[in-house]
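Lettered A, B, C, D, E and F in written order, each chain numbered from 1.
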Amino acid sequence: MPYVNIKVTREGVNPAQKAELIKGVTDLLQQVLGKNPATTVVVIDEVDTDNWGIAGEQVTRRRARGQ
Amino acid sequence: MPYVNIKVTREGVNPAQKAELIKGVTDLLQQVLGKNPATTVVVIDEVDTDNWGIAGEQVTRRRARGQ
Amino acid sequence: MPYVNIKVTREGVNPAQKAELIKGVTDLLQQVLGKNPATTVVVIDEVDTDNWGIAGEQVTRRRARGQ
Amino acid sequence: MPYVNIKVTREGVNPAQKAELIKGVTDLLQQVLGKNPATTVVVIDEVDTDNWGIAGEQVTRRRARGQ
Amino acid sequence: MPYVNIKVTREGVNPAQKAELIKGVTDLLQQVLGKNPATTVVVIDEVDTDNWGIAGEQVTRRRARGQ
Amino acid sequence: MPYVNIKVTREGVNPAQKAELIKGVTDLLQQVLGKNPATTVVVIDEVDTDNWGIAGEQVTRRRARGQ
């Protein structure tokens, strides 16, 4: 019954990688807490680099500097 | 003053259905808890089927199997 | 498969009211979008009035003024 | 280490405004709570006006009435 | 820079299990997407069983029936 | 109409600081985007240090090492 939300920047995550994240998190919750995979929900949000900030700065600008 | 977030898969929810969800949830909070509709906020997120997982699997794959 | 998060102030919501909210939202999603109740998840967050702001002000202070 | 999520309607917020929001919130958390900007994360979600409700009504309809 | 939120029912998750979840999710994001662990944030929310609904019903009631 | 969620570790944030955060964020949204303070909602979540991870590690452990 767990609900997991993963937020990452929108920078070319492909469907196979998303499938791996969903499988990996679901397995982890089963292993650590014995949660039933059948009702484990995982939602991935991809966020534009203009809309993500860290250290007071947009990721877009950090990427432009090679960070 | 309540805040409600509804997440569903992006599979053709139309504007009239969204309006119904917003009205329905706002009414429910007024009926059950006496909350003032004027400050009840409802946000609907539509999530790509590649980004939604249940039972360790992407919804995209489940739909492909007819689930 | 929908996921719904309801946030309200922590002001004495009782278990029966929570049950009504859960049932009401689940029914609404079935009626409007045909969603399967079996995998509809509803999470209610109760938030201290010190931690909820509207109009730039804590709800605690608004309640103290009778609002 | 704080995490801040700002949700606004998708109505033409430009990159410079997003940068200002990110900088402003990060500074606020440093000033008020002494939080380290280096690990302060800010995520801005822009939500379609069809998907945002207040007072039981879609923002799209309110805008159409000039509200 | 990813942000992950894990919601589970409040049913005796211990600190070591939380540490395992945090480590496991952070490792997963590094393996699958090459994300830097140093800025990966994980927040675990434990939710009272009265406040969590599935299939239109509180988890408290399901547990009382042995589910 | 914006909705802002601020998550910080539960380490003694006092009511006056919460009031400052609420006021500060509401003002920021008015200044940068012209948002109406009357319908700006701010919710602060305080998260136990056992439940917050960064760099794959619980904040509790980092604090124990003086970080």
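By our rule, contacts are C-beta pairs under 8 Å (C-beta built on N, C-alpha and C of every residue); 3 or more make two chains touch, one makes a residue touch a chain.
Model, not experiment: these values are computed from the prediction.
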What's the rotation angle, in degrees and to the nearest 5, for a C-alpha fit of chain B onto chain D?
120
Of all chains present, which has the mean Cα position farthest from that of chain E?
D
Name whichever of A-E, A-B or D-F reuses the C-F interface, so over half of the contact pairs are the same residue numbers.
A-B
Let me have the rounded angstrom distance from the C-alpha centre of chain C over to the C-alpha centre of chain D, please.
21
How many Å are there between the centre of chain B and the centre of chain F, using C-alpha atoms for each centre?
25
Multi-partner residues of chain F (at least 2 other chains)
1, 3, 7, 21, 25, 39, 41, 43, 52, 54
Arrangement of touching chains [line / ring / star / complete / other]
other
Contacting chain pairs, sorted by label, are A-B, A-C, A-D, A-E, B-C, B-D, B-F, C-E, C-F, D-E, D-F, E-F
What residues of chain D sit close enough to touch chain B in their complex?
7, 47, 50-58, 60-61
Would you mind writing out the residues of chain A in touch with chain B in their complex?
15, 18-19, 21-23, 25-27, 37-46
Can you list the chain E residues touching chain A in their complex?
1-9, 13, 17, 20-21, 24-25, 28-29, 31-33, 35, 39, 52, 54, 59
Partner chain E, residues of chain D touching it in the complex
1, 3, 39, 41, 43
